[in-house]
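Consider the two complexes below, in which subunit A is the common component and subunit B and subunit C are the respective partners.
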Partner chain A sequence: MALLEINDLHTFFETKKGTVKAVNGVSYSVDEGKTLGIVGESGSGKSVSAMSILKLLDGNGRIDSGSIIFNGRDLADVKGNDMCKIRGNDISVIFQEPMTSLNPIFTIERQLSEPFMVHQKMSKKEARKQAVEMLRSVKIPNPESVAKQYPHQLSGGMRQRVMIAMALACQPKLLIADEPTTALDVTIQAQILKLMNELKKERGTSILFITHDLGVINEMADDVAVMYCGQVVEKAPVRTIFGKNSYSHPYTEGLMFSIPRLDTPAGVRLEAIPGAVPHPLDLPKGCKFAPRCKYATDKCREEEPELVSIEENHVIRCFYPEKGVRSDGKK
Partner chain B sequence: MLKYIAKRILYIIFVFFIMSIIMFGIFKMVPGDPAAMAIKDVPKTDPVVYQQKYDAARERLGLDKPIPVQYVSWITKMLSGDFGYSESYRNDVINIVKEPMGNTIFINIFNVVAALLITIPLGIVQAVKKHSKFDNVVQVGTIVGYSLPSFIVSLVAIYFFAIKLQIFPVSGMNTPGFSGTGWEKFLDKMYHFALPLIVMTVASLGSMTRFVRAAMIEALSMDYIRTARAKGLTEKVVIYSHAFRNALLPIITLIIGWFLGIFGGSVVIEQIFGLNGLGKLLYTSLQAQDYNVVLALNMFYFVIAIVGNLITDLSYGLVDPRVKIN
Partner chain C sequence: MSKNSKKKSTLSLIFSRLLFGQKERVETSVLEEEQVHSPMKTIVRNFKNNKLSMTGLIIFVTMFLIVFIGPNFLKLDLSYQEVTQQNIAPTSSLMKVPSKLKGHVKQIAIGSTFSVGLSDDGKVYTWGKPKEKMIKTMPSQEEMGKVVQIAAGLDHALALNSEGKLFSWGNDRFHLGSLPLDVQGVTNIKQIAAGYQFSIIVTDDGKAFGWGNTNVIDFNVGKYQGQIDKVVVASSGVIGLTKDGKVISLMTKENGYSRIPQDLGKVVDIASTSNAIAAVGDDGKVTVWGNITKNVDKVPQIDGKVVSIAAGRYHFTAITDDGKTYSWGANNFKQSTVPSSIQKADVKAVFSGYYQNYAITKDGSVLTWGLKGYVFGSDGMGRDMLTRLISGGRLTMTIGAIAVIISTIIGVTIGGISGYYGGKIDMFLMRLQEVVAGIPFLPFAMILSAIVGNRISETQRIALIMVILGLLSWPSLCRLVRAQVFAEREKEFVTAAKAMGVKENLIVFKHILPNVISVIIVNATLDFASAMLTESTLSYLGFGVIEPNPTWGNMLNGSNSGVVIQEYWWRWVIPAVALGLATICINIIGDGLRDAIDPKSQER
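So, the complex of A and B:
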């Protein structure tokens, strides 16, 4: 049973130069107690699609069409203060930048007790006690003294733990993690991921995990959606994506090849996807990935492929989803 | 913290003495003869009598002694609360400063409070509705208000409100021959202060509104604002608690500066509206070469400025936990 189901979501940003279609017909779903990983380059619309759920878009952004069904309710229609009741309560977010995501002039305790006071109507005293408990549950040493501190007195990893504590305060059903480990160094990254997995098991929280790091996806996700230019190009269980299988989107394949591996012999060049993500106001005709795809044919440059179901739970947006039969382009 | 304050106070005392020497020296170097000004009523028909009176005045004013001796006697008196005698007003400086200072502080407090009550909410609303029609109109308005000199605003206001519409008096502090007391006297005073107050407030709106707007836009664009929204806080709490507290950091110096500025009279406004304030007192005392008044006022402003500096620095530590005071 899907907890969150996004159908044909379009999120647009009005700019002076035109409408940027940041999310252009995206559908994905998150099952209860599961983690959906969303992968893609910067500008692929992965964060915007997730921020659309809670309507945490910048001023000029709006949901143009599509539905966001959460627990049987369409969040695309929810407005103003009703949205505030969902944010931080049923659905909460961990952001990428722990250094700047906490308010510098309030104590940890004050910031962490806010969700309790807003959603559970606790008194200040109770909320502060709960805040300390939350700090303890994200394994912060000396939670009582940390609670009295200000964000600048904590390290990046500590602050991200505080963010996680804040996000999990009201036992949300869904946690949106928007590149939560990108700004952290690798050892801290591993600790945070481990913590998130433990908390997920303990509390049964579903997670929407956004990242550009396939290694992190492998560790965290049950299912994966790969996004490119505001569209989902491939969706499959994590085992299918990372395992040996005969179908994949060329973009996913490219992403896989561009992961540095320890067993690559010295001197061998790392394969990268050529070119850059096209400008959102100047998208190519046909398949959005065609200009960078080494398998692209004239058909790819003319027509846009639909998402095709290849096998159970596996969809690909490509005319040539089977790895073996792809031409080497130039056709 | 206490150590820091003690250190700063020691430093203030040191700077105070240096400044007092410099100021005293400057006033000694200014051309003009205070003794001659003091006896300007004495007819010069009889040179001998005049010379006698002149020498007597010099002795009375202590001008016959060497300058360092004059300085020491001046500063000792100052520190004991005796600011000297004003030759042009024929009264002790402390007595003639009292009333203008009261008027200046009175009008300035109203001005500062009114201006803050208008500019802060206005700047916040502008920032929240950035680039809306309302914002654009106010932006133009503040630029105009910011650029117009206060004497032009004063004259335009006098023309419309005092001459054309005749709502307020043209100038003065109270109705001539007014004999009411208590509440009535206060109302009469306010009636006369209304126009200069409006002008001063209007003149001070521009800059602060723009500062508040800029600081709020900056604060609202921060990541922690998104975090606050993601927590489920209402827009009101996000704006007034999370964003405004941060926006306050860059403008707190300005606000404190305003409050310290309540002691400084405006020469232009007080002159135009005929108000008996510190600005006007300073101006007329300078004209009369009444250096005791001018020196006392200058030292007063200097102390306000240097103590204000300390208060501003301390306030940073109070509002921003990242600033460590020591």
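So, the complex of A and C:
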């Protein structure tokens, strides 16, 4: 059963130059206890779609249409204080920048005890005790003394652990991880991912994992949604894409090819997707990826493709799903 | 250092160095790590390292404590004023008997701000703070020869030499300086007396002559001419003692002094304060009558027989036959608290006048008690500047502090809301802020003060000034806070707090404002100084706190007269220095705080 189901979500930002359609008809779902990975380039709308769930949009952003069904409730209609009860309690977020996501002037303890005090109405003393417990559960050595420290005294990895501890404080059903490892170096990244996987197993938390790193997706996700220009272009179980290499969309293909591989012979240039992401105010007619797609036809440039199912649990937004091929992963 | 240092990651160390670079740091070896402090501790340490700010802080705290604790010891009497003590320069030597005179004092006469002493060998000495004119007009010792008796009034003095010749110097209005015709020929003078711009002589044959300011002093010998033995001058009349020990009124009008008690018996000595008379009977009993104020009639329990009595302006001092000294009456300058050393001493004679007492012991030494002088001088109303400076400082600082608290609360609230919510709310609040900032402060305060100032009590007026100051000075802080909140609200921790489910209006005050608090503190500190200055400006101009309530501003008020600037420097230099020192210190503290909080400012 799906814990979170987003249907045809449109999130727009009003700017002076016009309406930016950051999320333009996105649908995906996260099953209970599962991880959905969302990949895409910068500006593809992956973060905005996730932030729309909690309505943490900037002042000029709004959900234009669509529904966000969480646990049988449409979050698109929830307002103000009711939203505050869901945030951090049922759904919580880990942000990209552990350096700035903690308030620099409060001790770890004080920040970590806040969700307990806000949502579980604990007393200060109790909440602080719980905070230390949380630090221990995210495997921070010597949690009692770390609790008394300030964010600047911790390393990036430690801080991200604190952020995870804070996010998991109230045992949320869904954890949105918005590029949680992007700002960390690789070894720390591995530790954090391992920790998240462990916690997921322990607590049965569903995770919405946003990243642009396909390697991380492979490690973390059960399902993958690839986003481009505010739309989902391909959605499939992780094993279909990475295990069987049976991705079909040209954009997914481009992303896969741009990963350096150990078996690439020396001297062969890494293939990059030509061009750049179109400006959100000046989207191309037809398929949004057409200008950069090497398989594009005139039809692609004129008409916009719909999501089509090519096998069970595998949908792509392309006119030529069968043309795909590419199941061998090579040209 | 090493004892306490905990293991810290190198990253955090570098980070803390970047954030909180310090001027002076203890050199540690590479292996030894430095203790990482919390931001607040670091600020305190940085501040401590700044010598200038620490000096400022120490001076300011000292002033603050003096000003807030001082009034408990130096009580301010709002209704107090004293004509005889006007414009006395800072001194503590009003009772400093010249060393040449010590040991052979014959007589001491006490004037308002000076004392005149006569030695056994007929030499006259003056000390204290006599008016310039007095020093100029004083006859030389050669001119006077051997002086046998002296007397001192408010601002003139008399001397009688062994040849029976009378000298007068000091104030020469009302012909005080030149002896009247009927006195010039007299050689058998027995007693000379001086009062408030008035001089009297008593001759051997019981006659009394008086001259001077007859508007104030009522003197009419009438039928008693020929019987008078001694006269005393009170503030508005003269009382005499006849040769047969009877107290008589030498006045035309009936008043408090002239209602002489009938049961006095034979009187041996009389003395007068400015408004009461005391008589000592031959049984040693003291009786006080007149216009009784300041407890002058509360004669203490006297063991023994009083033989002699002397009086100051509002107190009496008596000595008994066994050399004991007793004082009673007003005690504002401790003039009626006889020091224990004098209570034990064997006193031969006592000379009192105004606020001073001199006791001459049998072995010839001079002991004193009473008003030594005014450390910071006295003002145009004869009030002690020190007392007013301290009480005035309390009022000035209180007004400044409350005004700053009001303006900070308003500024932070409006700035915070404006910065966090932005949009239309910001637009509206910023326009409001501009309107308030556009109000010209001084004219506004003057008009308001002129309109409502006279209808309200003094306390309400002080409160009004605090409120006006507070209500008109918040815009600058408001703009500052708004800008800071604008910057802070874009930071990720605000989104993180939101994502954690903290309510929006709490985020401003619980998460953003603590990040801005340093700016607020610095600004409030600097505002405190300017609020004090503004209050002083208003009070100086007469639109703020008005007399008799003192503030540093209205104490400066006198300096709008050229005479004060030229002659009485202490009346404007001292409050100006106090105000200047306080504001400079606050500014230094504020700058120091800013430097301590913002490490970049040290990289100048």
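Definition applied: the second predicted complex is superposed on the first by the 319 of 331 C-alpha atoms of A that agree within 3 Å, B and C clash if a C-alpha of one lies under 4 Å from a C-alpha of the other, contacts with A are read in each partner's own complex, and residues count from 1 in each chain.
Convention: contacts are C-beta pairs under 8 Å (C-beta built on N, C-alpha and C of every residue); 3 or more make two chains touch, one makes a residue touch a chain.
Just so we're clear, the structure is a prediction, and the values are computed from it rather than from any experiment.
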Checklist entry - Is this a clash or a fit when subunit B and subunit C both end up on subunit A? => result clash
Checklist entry - Counting only touches as set out at the top, which of subunit B and subunit C does A:C84 meet: first, second, both, neither? => result both
Checklist entry - After superposition on the shared chain, which partner residues are touched by A:S145: those of subunit B (first), subunit C (second), both, or neither? => result second
Next on the checklist: Touch test for A:V30: subunit B only (first), subunit C only (second), both, or neither?
Outcome noted: neither
Next on the checklist: A:S101 in the overlay: touching subunit B, subunit C, both, or neither? Say first, second, both or neither.
Outcome noted: both
Next on the checklist: Touch test for A:A22: subunit B only (first), subunit C only (second), both, or neither?
Outcome noted: neither
Checklist entry - Of the stretches 7-15, 25-33, 43-51 or 241-249, which one of subunit C hits subunit B? => result 43-51
Checklist entry - Both subunit B and subunit C contact which residues of subunit A? => result 54, 56, 59, 81, 84-89, 92-93, 95, 97, 100-107, 114-115, 118-119, 150, 152, 163, 166
Checklist entry - Okay, in this complex, where on subunit B does subunit A touch? => result 130, 222-224, 226-235, 242, 245-246, 249, 319-322
Next on the checklist: Show me the residue ranges of subunit A that touch subunit B in the complex, using the header's touch definition.
Outcome noted: 54, 56, 59, 80-81, 84-89, 92-93, 95, 97, 100-107, 114-115, 118-119, 150, 152, 163, 166-167
Checklist entry - Mind pulling up the subunit A residues that touch subunit C in the complex? => result 54, 56, 59, 81, 84-89, 92-93, 95-97, 100-107, 114-115, 118-119, 145, 149-150, 152-156, 158, 163, 166
Checklist outcome for this item: Residue set of subunit C touching subunit A in the complex reads 6, 8-9, 11-12, 15-16, 19, 36, 38-39, 422-423, 491-493, 495-504, 511, 514-515
